[in-house]
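Next, two complexes with chain A in common: one pairs it with chain B, the other with chain C.
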Partner chain A sequence: MMVLRESIIMKIHYGTAIGALFLTVVHILMRLTQDFHESLQYENVIANYENIGYAVLLELLLILISVHGFNGLRVILLEMNQGPTYEKAVTIGCLIGMAALIAYGSRTIIMTSMGMV
Partner chain B sequence: MERETGAREGLKGWLNPGKIGKFGIERLAWLLMRLTGLGLLAYFIGHIYETSHILDGKAVWDKSLEMTQTTEGHLFLALVIGMCVFHTGNGIRLMIAQMGYGIGKTERPDYPYKPQSINMKGKACIYATLGMAALAMWYGMAVMFA
Partner chain C sequence: MATIHPKLSEELSQTVVSSTKSVKLKIKRSNPNVNSEQKFDDFVVPIEKWTTVLDALLDVKSHLDHSVGVRYSCRQASCGSCGMKINGKPALACFTKISELNSDSITVEPMDNYPVVRDLAVNMDRMISNHKKVMPYVIREDSEIDAESGIREFLQSPENVDKYIQFSSCIKCGLCNSACPTMAMDKTFVGPQALAQAYRYIADSRDKGKNKRLKVIDESHGIWRCHFAGSCSQVCPKGVDPAMGIQLLRGYLLGIRD
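For the complex of A and B:
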């Protein structure tokens, strides 16, 4: 298994945090371009997904937050307990969780933006 | 290498209020960073699941949306906003500190051994972040309850 140095992982953690922060601001501002409740209506949300630029933004946001979130969870779990087997299990478990969430979220974004609803 | 299991308190060590009283606002920020991180990850997973309902048609989407359109739903979202703002603000403070800014200059450790890194700048940032989180929650509620 490829092993990244913790210093590199923390740089990825901070990089994903800054990227996610900017994209989250855009994501929230999209809700405020019209009345909050109205922006969440089915037709408006479908229109959002069908805008290719916004769909790309959502995909990037999904990847950045998943990487940041599951790495954060890994760090918390490693703070609580240590040991070679435990550390490997936590790292693999978090990678699987991250991949599963990205796959599930991507399915929604791709299918909706392609009009498969 | 032998493991020092006696020094490991796990969750009990996290949630012990005595530790916050003993180590101050920095300890509270440490705890809140972890709790808000876990809370936001749980919310994110739920959000990804909830938005996937768009694939099941308008009726399912509207039913799913109804959950967040209640008073409890709005209060929950306001809590998420507060967690998000605190986690972001405190995260930026930690990044700046790790780059070496605002943690004082190195000097000889003399009694009473006050660490340079735990200073008023850091404390002020934590209080400001808590204040911003409260303001963001208030603004979020104003928008949602409008």
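For the complex of A and C:
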């Protein structure tokens, strides 16, 4: 079932963690460009999405966290139970969950940055 | 308190007991082949300051209850047969002095993460099969016996030996696997014992089987399931540090070691 070797998956896991950490720091620093409370107001949040650079940052953050999070969930579930059918179901389920979350999040980012909300 | 059989009490009367100290030994009893019942039997045994837990168990077997199931052999921490949980911690019974436990009551149980055969004896098939899986021997095409030049040596520098020597002290007692939290959860995890042995041979400069072994351990229930709890290294009676071996092995798989 497993197409990638576990070491490749874990390299992706560690890489996405480092990437997400870096982008989260940038994301938080962006809050400091104005008063924190003010930065969370609806108009300012929408304005952030309409900044293409910031939208790309959010999209990357979404992908990195989804890949890292769902692989983490796969690892936990593989430890809780074993068996070929179970493992296949967990792997496929996590891949579907990851794809669905990225698709839904991307839809939100794209629609907002295009002024559709 | 277990009752003493009349015949056994005859033997007891012949025992020379010089000690004035005694300890209560609580032994977990079970026989899964008969029923699922588990209980603790208590025995009071005389001790000296050099008495080990194995000595106390053998005292019980000799004089109080022959039926206690315990596996042992060398009595000097070389064979790795008498692994068990002593006061909640995996240890070798022959290598644990009662006087060092600082307790009047000693609880002995079979090791965790192994199926119980009877009482304190466990089935170690899983560990042995994982040990075999990592090919615990030097792999190379040529041999020390050469047709032309006779016998030759595969020489190693002291630095080369230092890379793996502590891992070659493993006596396959299985205490590390018993202490491992991942082994408790994941029934197919390869385990710290086998991983440490994989490192021992990969780090050996005479060995050429690195890729074969890395392939074995680089799977979904292999090396990556270790959470580095470090309990394996804490309980090893021979000073082996499987947790470190696992981290060093990860270095090969992540491409940061050659």
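Definition applied: the second predicted complex is superposed on the first by the 115 of 117 C-alpha atoms of A that agree within 3 Å, B and C clash if a C-alpha of one lies under 4 Å from a C-alpha of the other, contacts with A are read in each partner's own complex, and residues count from 1 in each chain.
Going forward, contacts are C-beta pairs under 8 Å (C-beta built on N, C-alpha and C of every residue); 3 or more make two chains touch, one makes a residue touch a chain.
Source: prediction; values computed, not measured.
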item	value
Side-by-side fit of chain B and chain C on chain A, or clash	clash
Partner chain in contact with A:Leu78 - chain B first, chain C second, else both or neither	second
Residues of chain A touched, compared between chain B and chain C (which is higher)	B
Touched partner set for A:Lys11, first chain B, second chain C, both or neither	second
Contacts of A:Glu87 with chain B and chain C, given as first, second, both or neither	second
First, second, both or neither for A:Ala103, with chain B first and chain C second	neither
Touching partner for A:Ile46 - first (chain B), second (chain C), both, neither	first
Chain B versus chain C as contact partner of A:Val56, first or second or both or neither	neither
Contacts of A:Met114 with chain B and chain C, given as first, second, both or neither	neither
Footprint overlap on chain A, where chain B in one structure and chain C in the other make contact	14, 80, 82
Chain B residues touching chain A - in the complex, by the definition given at the top	3, 8, 10-11, 34, 37-38, 40-41, 44-45, 48-49, 51-52, 54-55, 57-58, 61-62, 65, 69, 84, 88, 91, 95, 143-144, 146
Touch list for chain C against partner chain A, complex	182, 185-189, 218-225, 253-254
Residue numbers on chain A that touch chain C, as the complex places them	2, 5-7, 9-11, 14, 75, 78-80, 82, 87
In the complex, chain A residues that touch chain B	14, 17, 21, 24, 32, 36-37, 40, 42, 45-46, 49, 62, 65-66, 69-70, 72-73, 76, 80-83, 101, 104-105, 107-108, 111-112, 116-117
